[in-house]
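A, B, C and D are the chain letters, set down in written order, and residue numbers restart from 1 in every chain.
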Amino acid sequence: MYAITLVIQCPDKKGIIADVTSFVYEQKGNIQYIDQYVDRENGAFFMRLQAELDEQLCSYQNFVSLFENQLANGYNMTWSHQPLNYKPKMAVFVSKYDHCLYDLLGRFKSGELGVEIPFILSNHKDLDSIAKAFEIPFFHIPVTKETKATATKQQLALLKEHKVDFVVLARYMQIVPADLIEVYKNKIINIHHSFLPAFPGAKPYHSAFERGVKIIGATSHYVTEELDAGPIIEQGVAQVSHNHSVSQLIAKGRDLEKMVLANAVKHHVEKKVLVYGNKTVIFT
Amino acid sequence: MYAITLVIQCPDKKGIIADVTSFVYEQKGNIQYIDQYVDRENGAFFMRLQAELDEQLCSYQNFVSLFENQLANGYNMTWSHQPLNYKPKMAVFVSKYDHCLYDLLGRFKSGELGVEIPFILSNHKDLDSIAKAFEIPFFHIPVTKETKATATKQQLALLKEHKVDFVVLARYMQIVPADLIEVYKNKIINIHHSFLPAFPGAKPYHSAFERGVKIIGATSHYVTEELDAGPIIEQGVAQVSHNHSVSQLIAKGRDLEKMVLANAVKHHVEKKVLVYGNKTVIFT
Amino acid sequence: MYAITLVIQCPDKKGIIADVTSFVYEQKGNIQYIDQYVDRENGAFFMRLQAELDEQLCSYQNFVSLFENQLANGYNMTWSHQPLNYKPKMAVFVSKYDHCLYDLLGRFKSGELGVEIPFILSNHKDLDSIAKAFEIPFFHIPVTKETKATATKQQLALLKEHKVDFVVLARYMQIVPADLIEVYKNKIINIHHSFLPAFPGAKPYHSAFERGVKIIGATSHYVTEELDAGPIIEQGVAQVSHNHSVSQLIAKGRDLEKMVLANAVKHHVEKKVLVYGNKTVIFT
Amino acid sequence: MYAITLVIQCPDKKGIIADVTSFVYEQKGNIQYIDQYVDRENGAFFMRLQAELDEQLCSYQNFVSLFENQLANGYNMTWSHQPLNYKPKMAVFVSKYDHCLYDLLGRFKSGELGVEIPFILSNHKDLDSIAKAFEIPFFHIPVTKETKATATKQQLALLKEHKVDFVVLARYMQIVPADLIEVYKNKIINIHHSFLPAFPGAKPYHSAFERGVKIIGATSHYVTEELDAGPIIEQGVAQVSHNHSVSQLIAKGRDLEKMVLANAVKHHVEKKVLVYGNKTVIFT
């Protein structure tokens, strides 16, 4: 017995749910979860399906190629699949802030995330000791104006060598180069420390303080070339008051950042995030 | 063209989603929304499906009887259906508190609830003028130890006469008689002013104050014979502090009660609530 | 016995709390609530104080003039006062949306708001019947490019005639003229249907939908000449998903708007809002 | 210059705020924060005050003894004080669950908690390696029916030896012996994995699942002899649905437990928690 997760996008068409579910039934599969969504305005169909199958009756490879031929082609699907027990390889990029790193590593060690972490990468040496304490390789690749091109190459080489599936920017204070974004399209998860689109840019807590908002937020999104403008995966908020100084906003925001980033990572790992246009469908 | 909402419960069985969706497809229907849930532990299957069909190709009555014969019987389904544009008849029972009544009637007048309100019923005369202002018939049926049996009969007669589909207890401070519960099983919605199962009974805000909780709640549930123990439809909470007196808790709680009750009513009206055992599946 | 609420702003100075509280004590007053806040960066002091006094020992007028002479002048205070049982006169401006109006009037009738409502004013006739049902005078003042100047004069005349203390824009879809803002500085409360500063302008729910946010909000603020940029009083948020169409965002947002506006009104009525610069101190 | 935090409880009396603030002023002190609360029903007064003073004009010791003589005695105060920069010694008790421990240690290393951690103590060896990774001494004291008395003595000896100020039970799955509670009255912080008073006892997530609640919670409280009944410091909640299995409730609850416990610890460290009767006043 094995379980497979399918994620599908295609133009909406009458009968598609019946066809997909009947296909699984014909391979003697048992559907465990099925989520679907139709964007009526744009005529777009989205589905996430998890099914249990019998290796003897229909092997994983067989199922995948049958699906491709009998369904995916006809419906013009963009689709992907993953064995249920697969643990994606997640690289973590950091700078000097440690709270998101501690949070991710604590969850990782508790077995909560369902990933492998081949390495942590930073443009600074500060968090090396944390990586050591958690017994994870740490690579220090400084980024300056002069070394930027070389640094990108080194980063790409490391990601390739370790077969990294996706990257998490756990408060990585550098702009990700376009080359890297291209290779990892919708696979680089950032945490921005504001409720986007309010307060994009470098100092959102200062801006929030200036504006006198009563609620602050954090936003996790996929990285695109336009800064802080990628598809939003998860957002969280917390109440604040006049009584909070900028540094108290920052402190309060740390908890938001940790929680929002961790949830975004979990959704991504479980293939619950489908990107279309600049938005996401999240099947939770 | 017409749209139909189906709600299904039955023992889980391989192929059921394929069978149901294929059935709709065969009647030339288009599935607009589909939600399903499987309780693996108890082997129970739940589905809510909304489909658009063509009166010419398959009439509403035809669809329903085909579904009954080809699917419902074989799968041993408990199921129900409703035309999308149907407006259920909702009776509102009140006593002296007016905040939930004002909230429901405001939403009703705004066209937000999707119901008809044939009448408001109360054991007191206090809220008669509100009913008048909103131009809804008001019946005053006092309930005392002596008149209880007669009152129940009068209530049942009114409900029958006006073909009431479901009843909302908008802070109705009386225990609903068993006869009425039996006729309207899982069709009487109550709002309890606490986060059940904490603080059941008559004075939950006083109990919450005594215990020094930091969060208060409200719970909307279907009425069963056991007091405050029916299937929960919706719950809401709000933060409080030592600074709140009992009367401030009550004031803060009013907003919770209004919101939670209104949401429960909307879920019920849209047939998004499925009751099984003493719990609910809510397809939101 | 009477109770008085004082609200104070002034430059911060050592000993100010001692001086104010000692002053109340010397007039044989009993402090019931005291809230204070110091903006250290700008050296600004804020206080809200509620005290109970004996008319025989120190009359309201006497207390006020003693305070002015002994404290307010020396500390260079901006301050105001209000008897605890005073019910401010609140005018409500609306256009065609009725949900905030129903909510405010329901709360008003329940005795929750602590105000009088001398009239409702609208640029359309649509909501006249609601005013009638709640037995509140309704004035229809259409606003077109040509009539704008006349309309402003009529509005000002009505506000003056009814001695209105503050104005609530309950989804009033018109830009408030500068003349009116000047007369009612920090006394016109608006509800904006987004989490400002995200999505200012006319169609925030459409913008939120476009951006694919996972949380929507509503913001209540004092009206200033710059649109949607006045001091924020209260904000609220709600979770949404890809599953929400624009019209569902709008529906969900209505509850936010009602709640946020009602809370802002209550804070204002209880003199819990202090404006400084473009921000607010809220003593809750 | 030094800063001191005072925490005061006493019977309410007219003029007390004036007296306390004037006292600070007379010692040439500057009040930075002041919070007060009066329980009118029980005539109880509560205050937390943070002031900055000049060592030359009034030493810490001098301030404290003057306060005791001039104010505390006369007003019959229960009071305590702490230098602002004091880092209390916090012992952490754990069993086998690691999520709260990882969270606390991450925050500790980030410098967020403002404590020292002299040791971690457990009745099991499982979490020894985490203590090692964070370079904190770990003591393993097994607790069985037979060894309970000895274990308590060992625990008390360790706490005394390390001059521990307060104890955090980070999912310590043992009942704390009365001897220890007596010595650390209102100084042992527990995290209970439910929204108390709903679901006390050992398996709250299972009970929550059975009851079909739509919201789960976590509660941090001081440990008293009666199980799960001590004064509540902080509570947090999260929405759940029928879709959550017991194990998913447990997973979702972990985040609540971490957050709620961390907030309770911070409040305690900053002396923002005042216990009276079986309730708390929290000055946040």
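Just so it is clear, a contact is a pair of C-beta atoms (placed from the backbone, for glycine too) under 8 Å apart; a residue touches a chain by one contact, two chains touch by 3 or more.
None of the values given here were measured: they were computed from a predicted structure.
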| item | value |
| --- | --- |
| Winner on C-beta contact pairs when B-D is weighed against B-C | B-D |
| Longest centre-to-centre distance from chain B, chain (CA-based) | D |
| Centre distance in Å when chain B and chain C are each reduced to the mean of their C-alpha atoms | 36 |
| Averaged-CA centre spacing for the pair chain D and chain B, given as whole angstrom | 42 |
| Pairwise touch network: line, ring, star, complete, or other | complete |
| Touching residues on chain B, where the partner in the complex is chain A | 14-15, 17-18, 21-22, 24-25, 30-32, 34, 36, 38 |
| Contact set on chain B toward chain D in their complex | 37, 39-40, 195-199, 211-215, 217, 231-237, 241-243, 245, 278-282, 284 |
| Touch list for chain C against partner chain B, complex | 98-99, 102-103, 105-107, 109-110, 112, 130, 133-134, 251, 254-255, 259, 262 |
